[in-house]
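Down below is the structure, laid out as structure tokens.
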Amino acid sequence: MTESVVTDHTKQETISADQNRVELCEKNPAEDFLRMDRIPHIWCPGCGIGTSVNAFVRALIEAKVDRSKLCVVSGIGCSGRVSGYLNVDAFHTTHGRAIPFATGLKLANPELTVVVYSGDGDLSAIGGNHLVHAARRNIDIKVVCVNNFIYSMTGGQAAPTTPMGTIASTAPYGFCEYALNLPHFVEACGATYIARWTTFHVRQLQKSMQESFAKKGFTFIEVIAPCPTLYGRRNQYRQGVDEMKMFKEVSRREKDIETRDAEIKPGEKIVIGKFVDRERETWLESMQHHYKEVLGDAYYPYTGAMI
Amino acid sequence: MSLMQIRVGGFGGQGVILIGTILGKAGAIFDHKFATMTRSYGPEARGGACSSQVLISDESITFPYVTQPDYLIALSQEIYDKFSPGLAEGACLIYEKDLVKPNGLQAGIKKLGIPCMRFAEELGSRVVLNMVMLGYFSANCPGLTKEAIQEAIRITVPPKTIDVNLMAFEKGYTYDGS
Amino acid sequence: MKADEKAVNTGIHFMDGDSACCEGAIAAGCRFVAGYPITPSTEVVELIAQRFPKIGGIFIQMEDEIASSIAISGASWAGAKAMTVTSGPGFSLMMEHIGYAVMTETPCVFVNVQRGGPSTGLPTLPGQQDIMQCRWGSHGDYEVIALSPNSPQECFDLTIQCFNLAEKYRVPVFLMMDECVGHMSERVVIPPADEIEIEPRHYTEQAPGEFSPYNDMEGLVPRTTKAGDGHNILVTGLTHDDRGYPDMSANTHQVLVDRLIKKIRHSADDIIILEEDDVDGADIVVVSYGISSRVATRGVRMAREKGLRVGMLRLVTVWPFPENRIRELADRIEAFVVVEMNQGQIMREVQRCSEGRAQVAGVLNYGGAIHPPEEIYQTIAGVSS
Amino acid sequence: MKDSKMATAEKKERQSRGNVNINKDRCKGCGFCVEFCPTHALRFSEDFNALGYHYPVRLEEAACTGCDQCGAFCPDFAIFGYRYKSHT
Amino acid sequence: MKADEKAVNTGIHFMDGDSACCEGAIAAGCRFVAGYPITPSTEVVELIAQRFPKIGGIFIQMEDEIASSIAISGASWAGAKAMTVTSGPGFSLMMEHIGYAVMTETPCVFVNVQRGGPSTGLPTLPGQQDIMQCRWGSHGDYEVIALSPNSPQECFDLTIQCFNLAEKYRVPVFLMMDECVGHMSERVVIPPADEIEIEPRHYTEQAPGEFSPYNDMEGLVPRTTKAGDGHNILVTGLTHDDRGYPDMSANTHQVLVDRLIKKIRHSADDIIILEEDDVDGADIVVVSYGISSRVATRGVRMAREKGLRVGMLRLVTVWPFPENRIRELADRIEAFVVVEMNQGQIMREVQRCSEGRAQVAGVLNYGGAIHPPEEIYQTIAGVSS
Amino acid sequence: MTESVVTDHTKQETISADQNRVELCEKNPAEDFLRMDRIPHIWCPGCGIGTSVNAFVRALIEAKVDRSKLCVVSGIGCSGRVSGYLNVDAFHTTHGRAIPFATGLKLANPELTVVVYSGDGDLSAIGGNHLVHAARRNIDIKVVCVNNFIYSMTGGQAAPTTPMGTIASTAPYGFCEYALNLPHFVEACGATYIARWTTFHVRQLQKSMQESFAKKGFTFIEVIAPCPTLYGRRNQYRQGVDEMKMFKEVSRREKDIETRDAEIKPGEKIVIGKFVDRERETWLESMQHHYKEVLGDAYYPYTGAMI
Amino acid sequence: MSLMQIRVGGFGGQGVILIGTILGKAGAIFDHKFATMTRSYGPEARGGACSSQVLISDESITFPYVTQPDYLIALSQEIYDKFSPGLAEGACLIYEKDLVKPNGLQAGIKKLGIPCMRFAEELGSRVVLNMVMLGYFSANCPGLTKEAIQEAIRITVPPKTIDVNLMAFEKGYTYDGS
Amino acid sequence: MKDSKMATAEKKERQSRGNVNINKDRCKGCGFCVEFCPTHALRFSEDFNALGYHYPVRLEEAACTGCDQCGAFCPDFAIFGYRYKSHT
């Protein structure tokens, strides 16, 4: 685990009038990006989603993302509630459809920074096809996928990410499907940047998020997070912290690891790290280049569809 | 008593729904009455407040929700704050002593507190706090027999946990309010 | 045909409507369930997932509701009794395959545990707002059957009824529950298997080669076959002739769709179940269904106590709509009071069928909470004065 | 637990670098901060907070560095560390 | 606001309804189209794909209709006028996002070029069978606006109207075309840009921080904002309070859905466009819309030639349904004859609103072919005798 | 190109009473598996779909597949019409949904041999998510995907498989999206057997089909086929035969090629061959093993859901 | 003539719809009449028979389909077989000589054949067979002016192909039926 | 085209192995068979068939081996090759 230092930028947020010695610091750096009138949030004790939001907010601050141009789009799920707690333009869409909504948002106004923040079930089950095609097209959106191995919001049903053999409410005797290896999957679809961290790796997660903001194209960050209420308890992790300890223990960061070897199986290591960082023209760039070439002056350079 | 209306409330994870289920079963199956149990919970299925409503009646029940509670079992302050104003004279409040401060309760309402959370922690398992509460409720509610509630516990909880649950029930049942 | 003894959970239970629906499906012979979780319906499939491994059945949690809604058609053509379970948002995604099941005359059951809408709306609170949707939500013209239970016991009973009707009419049948009924626990009595009547699939007895999908009819309903029986059938959602072959002409379409509609409409008397209480002497008839019908009885009782002559008409079958009965009553009574948790979906039907011969008033809300009985009483009182 | 003498020595040095801010009524008692504080500067309260949870309290004798690891972990935005300006 | 001169294809054309719809969208200021191919609607987006690169706009062919139907909501929140185009099967897949657009009050346009259904049905032949679906196909209670053109010229004109209404009422608006109108070519006159009236988006003028989504209303319609304007809005399909925050209580739901419905119902007079011909002196009024309304004029002419007093009422606006006008007429005339290519979807509405005070007859078919004028005449004659 | 010999089995079908010298042979071997009352089919002159059906029928004959247990399921599209011409239990479903329909069919009666035969658009655009999850679950169905680079049935719109730069009715100036590399994609999802051939490689295609019938689990065969009417003509291949000649020229079969290198770009080689042939438990097997283990005698061995 | 009804039919790829479009444009734009063109084709969009119907009128057109054709332009046998029985006295059949055998045609119908496929092949491009047919039709139909049809061709076909199309048109226009 | 003498010689030998069956009215003239017949045994007809296409005809002088390559290619099931039994 890296221990990193709170940077200047953050500090400015937290330092009071006395420039030399700040004894009492009233405001959590995250608060500035949160809708404080909605806190406490609905997430359970020990839920990892809030931890991921911490990393996200710190990454926003670090990367100096222009907040007024930032949109966060979610689907439905516990993780899908993230957008609604962030004090930015926030879109809580329908289950599985954050990506096509974000596609419309980004393409209609290319100046926006569009983040999709949602759950494993939302993005890879019902929303799987949108993930495929947005990655293939290289739409310039930043996807954060909170993988808690389960459909939490609805009570802990098995998801495409549920490790084989674990217990879920719709798999009371253990789940017998192969889990989708998300990094490998999105690589085959075409994502330009792919990383996986657990919520134990908050600092690395934050760094990956910062990198993704700087990256053009479809980026995908998987955040493995504890859901004590509906995954942990049924599967020997009584509390969120137990799952966090497991993450700490079994996570491995290996050099030059291929995504195909990043499958998650119960009781085995969890491969973490940045897997892919490549250059590909985004959908819009590709369109603009191509039309300029083919149509010449007849092409009307696209800048946005806003009226 | 022709219609007994019970509201049980707390937050997610306290086993509030299970209290309702057991009371309902006790009434519908073992005490041979009509019983209806409904539940409500936070957004979709997560967090926040969570409550259950139990109606026990000698006649068939048409309106399945509590209109005028005879009992309010409050396991959190939020629930107390929200529902205690609805209690009318003669009703009974049963609450978790450490989690609920029954401030500003109207007159004429019976008030019974029990530290079930601490009892449960003493019994080594936080999750049985609802059984402690059930026991205490049973001791204070003549509308359902103790045996019916015990039977209902037996057919409801996982077989391996019957004993600890009944023990917790007994702990509550025998609590003398001191 | 009788239910399977090894599977039926005979006895006296205290269970909620979702669980009772699951037990009803099992009793009805359902051994294939494809679903996707959604509040407040998920408990149905969670219990299925628990029960099936021990009685022999497939539960598969599909990748979404679309997949679930078509997987059951596939399973049905393999010879299974098949069901899917959902709530509003998922139901909206199933619309295309309701049409497919109608067009291909595939027996199957859709359960919708209704919550408040539109959109994500009120996931944990009840609504009755998908009643028109289940009749009109798929493109094109068609007719379906929909039942609406008002207690966990009925969730059990009517689920069986849904499966039976699906077989009898080769049509998708809808169990339109609501969150209130789904999450309410009551005593549910599950009878012994040999007291549960099950409609078998009506297979053709014609030999392979002889059988073509529409030359062996029982009334307006063709006998069927299943995959693997050697008939080399062709099943298509395109307009098809009586061999089942695509024939995209207006004429063939006319003949086909006409039969699909008539096979339901002409059997309305067989399909429609109504519960009536003191309708004959009434000046005012309260029309309701599902959970609202329970509350309505309270309102009715209050009105009767005030000396008003009020009858109750409860739609156990919501679709096909009991047009004839409403017409008859409209001639005799002064007013209908329709109680439902929506903007007046069934009220429109009552208005249409009463043709101005009786007044029609609604006790309506947009879901989230069932009506206070007083509200119902007041509307009755208002109408009678 | 470290040897208490040494801890006290360290404390002096470290304590001066920063501190931790705890908003006890937001806390849901998950224990991430307590478990993963690099300097073991936190422990659980005996009391319940308004929500019914045991919340973290700072150990007097331990040296919080203000590293904000607890803040980065806390799912409920109930805690954060900060450095004193003079030590930047 | 006026249309953009550089984009409008001013002139006299011979084009089909699909192309005219495309030109109408462009004239209306639509610069974002997400679609998925389906017969007989595809020509709309094919032409869009040709035109947009030269006028500045995004056409994206999404992976399916679901994605298309939500991408336009995204684009709309970015500030674009956005549209999707489909036909029956695709329309069925869009139902969830119609509800989402309703709940989030997102201006956008859905075009459905109707073909014969149900299911895959008659892909290349016309139908008018999705009229009820566009009103009721999504779960929950809501109201929408739907227009139905009867010529390529109107495909142009009404597409513009759809976009304007969408902005005015912050609601999804439907252009319910049919294969016949879509694939029929006629003269289409596209006026100069400065003669085309465009409804702008009604943005709030409140400053960031001051503005909360429902504190700046124009009647029942809140002024809006767009992403990137600094207002930090929260848009959700959950039931929400007047800050836009999720509040899943029956009360909040009641207030919200009530306003969503009333903002349309209370403006029915502003929204509804009817075309009437000799209705005032008529004994019989023929009600129709879309392509059927053209054929109906022939039937009416035949009846008039026989001395019958027949009026024509054409619904340019199909939803909201002109309830009041039908009620008024019902008091005065003997009968309505409803001509439509479906099992009588609008006929039900006419029946409901005429409340038995006028007879209602239908000239119906299930799609595939428009009515022979004789059939219409005969029904008129039958009713009058 | 291999030249292979018509085998005994086929010959038996075509040989008349005269056992020694057959001068006039009336019946095409394919006819026995076709609904001859629906021939001529709707496919255009030079359409490759019919050619693929030839290979399929010959493979059925060779592999001695029990016809009465064979189901062919299609979605909607020109390729989706295949099921309707085959004289077996045939299911012409909705656009994109052949796979979940087939899943229901197969799981409800595991004795059936279930083939999904459909188009690239149908299976990888609207139906993409079903492809993902059926492959992940390893449902025992055989998928034949006719890739003609386009949505043909609806008039030649671009598909996820349309090579970048080519002309389509919705991409009149050339398509600017990355094409989905189908073999690579389905490999990442979990398919057990993956091959790609063009319709020029009829014999190899037939062989792959035979292999797939013998294989348990989710198999995927991509058949690159000409669509002269809506792809070819717009992209310099005036007739089907021109596209066939191109296939002949540019196809390459390379040893140990990885699916990731099998992307199709206009003007470049088309990599053909069998890419993947691996063993994984099917969904049903996995369920049966797992439940037997966990539930012991309480497990009711599943054989079918038929009433 | 107040209403002229024309049906054009053949199989996919012969450019049947284009014939209809050009006739419609000629009428609606250049001859200043009312004109409606509708089309029908095989399953979804592919193969099989394909036809277009053109109505040219001095008044606005309500019913947009052919009820009683004045002209049937048949480019395939299938179309001829299907639609020729609907021709009434005074109507005119124009057909592709090599592809259509006009067997059993009723009396009183004018019958004009032209081998436009071969002409088109001679002109080096099979695809212009429809233009040849258009020319021949124009020569035999006084209801639309030649100039209007030529103008319609000009604004419809790809600019680079205007010449070859007009040449083909002329070829048909000047064909003398021998 | 091969040298015709040699072709005739080969023909003798090969012809005896099999033949090709052509259902001309099913043919849509795609040319797959003509183009890809390994022995170049087919050519297009001058005539149109009922559907308006030039269909394949067998070249008298060429030697069809009955290999059924044409049958495997034909998208319209209009042609197929077959071997004479005696040569199996």
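Structural remarks
So that you can tell them apart, the chains are marked A, B, C, D, E, F, G and H in the order they are listed, and the count of residues begins at 1 in each.
Methods note: a residue touches a chain if its C-beta (ideal position, glycine included) is under 8 Å from a C-beta of that chain, and two chains touch if they have at least 3 such contacts.
Not measured: the values here are computed from a predicted model.
Listed here as common contacts of chain E and chain F: A, C, G.
Chain pair with the larger contact count among F-G and B-C is B-C, by C-beta pairs in contact. Once the centre of each chain is set as its mean CA position, chain A and chain H turn out to be 61 Å apart.
Averaging C-alpha coordinates per chain places the centre of chain C 38 Å away from that of chain F.
Once the centre of each chain is set as its mean CA position, chain F and chain H turn out to be 27 Å apart. A separation of 35 Å divides the Cα centre of chain E from that of chain G.
Shown for chain E are the residues that touch two or more other chains, namely 39, 53, 63-64, 66, 89, 96, 100, 119-120, 123-125, 236-238, 246, 248. Residues of chain H found to touch two or more other chains are 51. Multi-chain contact residues of chain A, defined as those touching 2 or more other chains: 43-44, 76, 92, 94, 125-126, 128-129, 132-133, 153-155, 160, 173, 283, 291, 295.
On chain A, the positions that touch chain F within their shared complex are 125-126, 128-129, 132-133, 136-138, 160, 164-165, 173-174, 176-178, 180-181, 184-185, 187-190, 260, 280, 283, 286-287, 289-291, 294-295. Here chain F touches chain G in the complex through residues 42-44, 76, 78, 81, 152-155, 229, going by the rule given at the top. Looking at the complex, you find that chain G touches chain F at residues 12-13, 42-48. For chain B in complex with chain C, the touching residues are 20-21, 24-25, 28-29, 34-45, 61-65.
Of all residues in chain H, those touching chain G in their complex are 48, 50-52.
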